[in-house]
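After this come two complexes, each holding subunit A, first together with subunit B and then together with subunit C.
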Partner chain A sequence: MRTFWNVLRANPLTLVGFVLVVLIALTALIITVAPGLLTPYRSDVATNAYAQAPSWAHPFGTDGGGLDIYSEVLYALPFDLAIAFAIAGVALVAGGALGLIAGFWDRPGSVGGAVSVLIMRITDIFLAFPSLILALAIAVSLGRGVLQLIVAVLLTWWPYYVRLARGETLAVKHLPYVTAARAAGVTEGRIVLRHVLRNILEPVIVYFTLDVGTVLVTLSTIGYVGLGVNYPITPEWGSMMSTYQNAGLITSDPWTVLGPGVAIFVTVLAFSLLGDGLRDVLDPRSRRVLAGASTGGPTSTSPAERKEEADEALGRSKDLPGAALGEGSPAP
Partner chain B sequence: MMDFAVSIEGLSIDYVVGAGRFHAVSDVSLDVPTGRVVGIVGETGCGKSTLAQAIPRLLPEPPASIGSGRIIFRGMDLVKIPLWKMPALRGTGISMIFQEPLNSLNPAFRVYDQLVEAVRMRRRREAGERVAGPRESPPFDYSRRPVPGAVEVLSRPVAPGGATAAAMRKTSSRHPELREEVLDFLRLVRISDPETILDLYPHELSGGMRQRVMIAMALSEKPALLIADEPTSALDVTIQAQVLTLMKDLIEEVQTSILFISHDLGVIAEMADEVGVMYAGRLVEFGPVTELFDAPRHPYTKALLRASPTRYKSDGPLASIAGSVPNLAHPPDGCRFHPRCPIPRPVCRVDPPPPLRPTDGPASPHRSACHFAQEVESLP
Partner chain C sequence: MGRSPSDLAVFVAKRLLQLVPVLIGITILTFVFTHLSTVNPCAQWFPHADPTTLANCRAQFSKPLYVQYWNYLVNLLHGNWGASVQGRPVYPQIAQGLPATLELVLASLFLMIVIGIPLGVIAAQSAGRWADHLVRIFYLSGWATPTYLGAVIAAIFVAPYLGLPSGGEYTNTPPPFPQYTHMSVVDALVAGNLSYTGDALVHLILPAATLAFINMGIATRMTRSSMLEVLPLDYVKSARMKGLSDFLVMYKHALRNALITTTTVLGVTAGGLLAGTVVIETVFRWPGIGNYAYYAIGGGGNTPNFDGAVAVVAVFAVGVVVANLIADILYGVLDPRVDWR
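Moving on to the complex of A and B:
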C-alpha cells in the first residue's frame, strides 16, 4: 500500500487521475445510497425554476421543463459508470480468456490449433467492421433499452481483448521461464493460469482502465445519435445531450448540453490518466524503483543505491561480485 | 548390470522448417548411470541442447520431431508416452537447469513463491498422488547442510534490495513448515542470507544469485535425473567459477544423476565422470573423462582439444579447425567430419562409421565412431 502511494506520488498526472477516479467513485456511491447529501433535487421531479442560467442554486442551470442539470448529471453518473464497467469488464474476461486460449494452444494441426484459428477468424470478422457503426447497427436492430445498449456495445468490444491477450500470450509463452516451469513439472493448465496469465495481466489491465473511458464515449455517442436510453426517464449523459440538442437548446441554453459534456470529459480523462500510471504500479520492476526514488524510504538509502536499482530495472543488471546484492558466500 | 537413470538408444531428432529437414540429432545412444555425471561437449549447433531438451520432451513438436529411437526412464519409453502424461515425470523425475538465469525465473513472482511451488509439487507427489511409473525412494539425502561455521565466515552482509517489512511479515506468517524447507534449499546452494532473498523479485538478484535459486529450485524437487544445459555459460568468469564450485560440492552431497551440457571443455573436464563429444548431430566419442582428454580417439576431439586455449597454450596462434560446421539439412555423406578431418580416407567419404565402437579391446569403456580410431594418437 505504501509502495502504491509512492508510485502515485512519483507521477503527478497519475495522482490527478487517481484522485479524480476516487472522487468519481465516491460520488457515484453517495448518489446511489444517499443522494440528498449532494443535491436537494430529485431526477424525476421538476424544480420551479425554468430554463435558468447557472447560479448558486442551480450550478449547471435548469432546462425548460424545470429539471436541475447538475442533479441530472449526478444521477446519470452511477448508471453510466456501471454500464461502462460492465461492458469493459465482460469484454475483458471473455475476450481475455479467448485470447489466452488462442495464443497458448496454437500449434497448427492440433485440436487447440483449430480452435485457435476459429477464435481468431471470428474475431477478425468482428474487427473488420468499424466498431461504432456496428454498435449503432446492432442498437438499431435491437431497439432502445439498457440491456439492448449493453449488448450492442459488448458485441463490438470483446475482439480487441482477444487480439491483445493473444499477442501478449504469444510473446510470453516462449520465454525461458515458461519452459523452466514446464521442465519443473508444472502442468499446462497451471502454466497458463499462473505463469502466463500473471505476466500478460499488466498490459491487459492498463488497456482495460483506458478502455472504460472509451466505452463511456461510445455509449454517449450512441445516446447522442438518439439510439440510447430514453433520457428524461433514465438519466444518461449521451442521451441528455441528444435530447437538449434536438430541442434546439444548444444556442439558447448551452449549459444544458455543457453539463453532461463536461462530465463525460472529466470521467474519460480520469481513467486515461490512471491507466497510464497503473502500468508502473503493476510492474514489479518499475514499482520498486519508483517507490524507492520518491521517498528514499525504508528500501534504499543512498543515491548510489537508487541508481543501482534503477539500472537493474532498466536491464543493466551486473553480474559482478558485490553488485546489487552480492553473491552470497562462495562455497567453502 | 549397471543401473541407468536414463538410457537413450538410437535417438534421431529432426527439425522440419519450411521445406527443409534439419537432422539435429542422428542416431545417438547414451546412458547416464545412476549417481554419475555425464558431460556432453560440442560446438554450437551440434545438437547437444536439442538432445537435452528432448529427454523431458520439452522440444516444441513441431518444428521438432523425434524420428526414431528410445529414451528409457524408469522402465518407460519417453518417446512413446503421450505428452499430457509428461508433466508428472518432469520436476520430480527429470529436472532441468537452463542457460539463461536472467529469464528462467518468472519476473512476476517473489523467490519464495517460485520455490514453494516446486516444494509443494514434490510434497503432493510424495504424498502418493498417482505418478506415472514405479516409485523410487529418493536417491539421496538432502538434509545435509553446509558446515555452519564456514558459511558464517564467508557470508557477507547483504543489502536488502527493497523487501519491505510488510512483505517480510507476509511470507513469514504463512506455512512456516514450507518456508523452513524453502530456506533449507536456499542454504543448500550457499545463499548466506536466505530470509532476505525470499521476498525479492528475480530482477533484484544478480546473475549468479539467480542461477543459485534456479539450482535450488531444481534440487528442491529431488529429481532422479538432473539435466544442466550450459548452466554457467551466461555468467561471467568469476561467478561461473563460484557456481561451478557450488555444483561440484552439490554433486558430492546429493549424489544425483546429472547430464551436464557445455561447450566449454574446461568446465566438462571439471564436472563430469564420463564425457560424450558431439559433432553435427552425432555422438563421435564417449569415454571416462581422463582417458578421453588424455588420449582422444576421434580426430574431432583431438582438434577440439587443440583449439582449446587453456590446455594447449603455446607461442604460436591458437589452432582452429579448418572448414566449417556442415549444413545439417544436407549433411556430408559418409563420416560427417570427413571434409574437415586431417586424415580423410576414401572410405570416410562413402561409409558412415558405425556408432561408437570400443577402441582398446572389447571391454573398453572408451568408444569412438571413427574408422581409424587407432591412428588418431599419432596426429599432431
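Moving on to the complex of A and C:
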C-alpha cells in the first residue's frame, strides 16, 4: 500500500489519472443508483428542446430527438465502462491463463512444449489481424446487441494477454527463488500459483489499466461505424456519434460532437495517465515484452536489465540470501 | 559471427518461410469469422436482398464447411475475389485502393517518426521535469482520442480553420493525367504536374497528421524508454568525459538506438495504423482500402458487401504480417548483436 502511494506521487500526472479514474467510477456508480443527483432528465425521455445549442439547462445541448446530450452521456458512462471492463477482464483471465501455461510448460519435446507451441501459433495468427477490423467483421456476423459487441471485441482481444503473460512468465520462471523452490521439493502447481502468478500479476495489472482505455476506444469505434449496440435503446458514446452523424447533426449542429467526444476522451485519458504512470515503474519489463513477440525480433535483454528484474523480484531483501530459499514469496 | 551476405539470405529466407503457415492461418481465421459466426449469415450479410441473391447465399452456405473453405481458397488464389451485391468486382477495387492506403500510412509513419522520436528524446533528456510531463500529456491525448473523434474534429473544425481541404485526394478529380500507381502524390510527380503534386500533398497532410497524432504515443514512449536506458551507460559517459558536447553525445551516440526503435515502432504500430485508416479514409473521403472496408462491413447503415469484407479483412492481416516481416528484417540488419544464422 505504501509503495502504491509512492508510485502515485512519483509523477503528478499519475496522481491526476488516479483521481480522475476514481471520480469517473464514482460518477458511474451514482448515475446507476441515484441518477437524480446528477441530472434532472431520465434516460431516453425527450425534452421539448430540439437541437438546441449548449445552455445552462442543457450543458451539452440537445439532439434532434430532444434528448439532453449531457444526460445521455452520463447514462452511457456505466455501460461503456462496464463493457470495457468485461472485455478486458475476460481477455485478461483467459489470455493470461493461456500465456502462463504456454510460458511455464514450454520445454521442447514434452507434451507441455507441444501445447505451448500450438497456443503461440494460434495466438500469432490472431495477432496478425488489426483488432478493430476483425472485431468489425465479427460484429456484422453476430448482429447488434451488447453481448454480441462484447464477444466480437473479446475474440480479438485475448491474444494480447497471452503474449504478455507468456513473456512475463518466461522472465520469472528462471529466477533463483523459483529454481530454489523446485529444489526444495515444492510441487509445480504450487510454484505456478504462489510464485510465478504473484509476480507476473503486477505488470499484467498495469497493462490492464492501460488496456481498459484501449478497449473503450475500440468498442466505441465499432459503435461509430454503426455496429454494436443500438443507440436509442442502449446508450453508448460511439453509437451516439454515429446517430448524430447519420442525422447530419455534426455539420448543422456541431456542438453535438462535444458531449460524447469529451466523455470518451477524458475517460480514456484518465486510465491512460494512470496506466502509463504505473508502467514507468516497471519500465524495463514492459518494454521488453512489448518489443518481443514470439515471431518478432529478438528480445534484447541486457545484463543490466536481467539483474534489475532479478533484484526486483527478490524484493527489498536482496542482501539476505536466505530469502531466496523456501516458499517466501517476494511479492510485496 | 553469422553476419555475412549469404547468412542474410538465410535469415530472410527463414522469415519468408515462416510466413506461409501464418498466411494460411489468416485465410482460415478470416473464413471462420465471416462464415461461421451466426446461425443465419445470409440474413446478416445480405439484408433486404432479392430472392435470387438469398437463394445463392443459402446454396453457398449449405455446402459442407471444408468444401466452402476450399472454394474460398481456390478463388482467393485465382484473384476471383467475388463482387458486391450490385455486381462490382472486389479485386480491382482493392487493388486500386491499396496503394492509396499505403501512401496514407507511409505519410503517417513519416510524421510519427519525425515528430514522435525527437519528442521522446526531449522527454528522456528532461525526465521527470515539466517538458517530460508535457510530452506525456501530448502523446497520451493522441492515444485517448478515438480515430472517429480525431477525424471528425480534424475534417470539420480544424480543416476550415487552417484553410486545408477536408477530404479527397485532389481538389479536382479525376486528375488530368493517368494514375499509374494510385498514390496521389506519386502519380502527380510522375506526370510532372507540379501544381497537382502540391495539391495532393495538401490533401494528404491532414488525414496523415490525424492518424499520426493518434498513434504517435508508442513511438515517443519507446524512444523515451530506450534513451533513458542508454543515457547512463558507460559509453555515453565516456564520450561526455572525452569532451564531446552534450548535443553530439545525445545525437550521435545515444540516438543510434532510435533507428532500432523505429523499426520496432513500424512493427508494433502497423496494426493500429491500418485499423485507423478505416475511419480516417471514410471521414476524409480518401479512396483507399480503409474506406472500402468501412462500406464493405455495412458502415453507416449501408448494405454490407460480403465478398468485399472477406477479402479486405484478409488483406489487412497480410499487411500487418508483411510490415512485421520488414521490421524484423530491418532489425536484424541494424542490430549488430543479431546472428543471422
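The rule is short, and it goes like this: the second predicted complex is superposed on the first by the 269 of 332 C-alpha atoms of A that agree within 3 Å, B and C clash if a C-alpha of one lies under 4 Å from a C-alpha of the other, contacts with A are read in each partner's own complex, and residues count from 1 in each chain.
Keep in mind that, in the parts below, contacts are C-beta pairs under 8 Å (C-beta built on N, C-alpha and C of every residue); 3 or more make two chains touch, one makes a residue touch a chain.
What you see is a predicted model, and the numbers here were worked out from it, not measured in a lab.
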Just subunit B (first), just subunit C (second), both, or neither: which does A:F265 touch? second
Just subunit B (first), just subunit C (second), both, or neither: which does A:I133 touch? second
By the touch definition at the top of the document, which applies to A:P40: first (subunit B), second (subunit C), both, or neither? neither
Could you figure out whether subunit B or subunit C reaches more residues of subunit A? C
Please indicate which partner A:S220 is in contact with in the superposed arrangement: first for subunit B, second for subunit C, both, or neither. second
Looking at the overlay, what does A:R198 touch: subunit B (first), subunit C (second), both, or neither? first
Does the superposition put A:L142 against subunit B (first), subunit C (second), both, or neither? second
For A:E188, is the partner it touches subunit B (first), subunit C (second), both, or none of the two (neither)? first
So, does A:T179 touch the first partner subunit B, the second partner subunit C, both, or neither? first
Same subunit A residues contacting subunit B and subunit C, which ones? 284, 291, 298, 300, 305
Of all residues in subunit A, those that touch subunit C in their complex: 11-13, 121-122, 124-126, 128-134, 136-143, 155, 213, 217, 220-221, 224-227, 238, 241-242, 245-246, 250-251, 254, 257, 261, 264-266, 268-269, 272-273, 276, 283-284, 287, 290-291, 293, 295-298, 300, 302, 304-305
Using the touch definition from the top, list the residues of subunit A that touch subunit B in their complex. 1-3, 107-109, 175-177, 179-188, 194-195, 198-199, 284-285, 288, 291-292, 298-300, 305, 309, 312-313, 317-332
For the subunit B and subunit A complex, residues of the former touching the latter: 56, 58, 60, 62, 84, 87-96, 98, 100, 102-109, 117-118, 121, 146-147, 150-151, 153-156, 158-166, 190-193, 200-201, 203-209, 212, 214, 217-218, 221, 235-236, 238-239, 242, 245-246, 249
Would you tell me which residues of subunit C are touching subunit A in their complex? 18, 21-22, 25-26, 28-30, 33-34, 36-38, 41, 44-45, 128, 133, 136-137, 140-141, 143-149, 152-153, 156-157, 221-222, 225-226, 228-229, 263-264, 267-268, 271-272, 274-275, 278-279, 293-294, 297-301, 304, 309-310, 312-313, 316-318, 320-321, 324, 327-328, 331-332, 335, 337-338
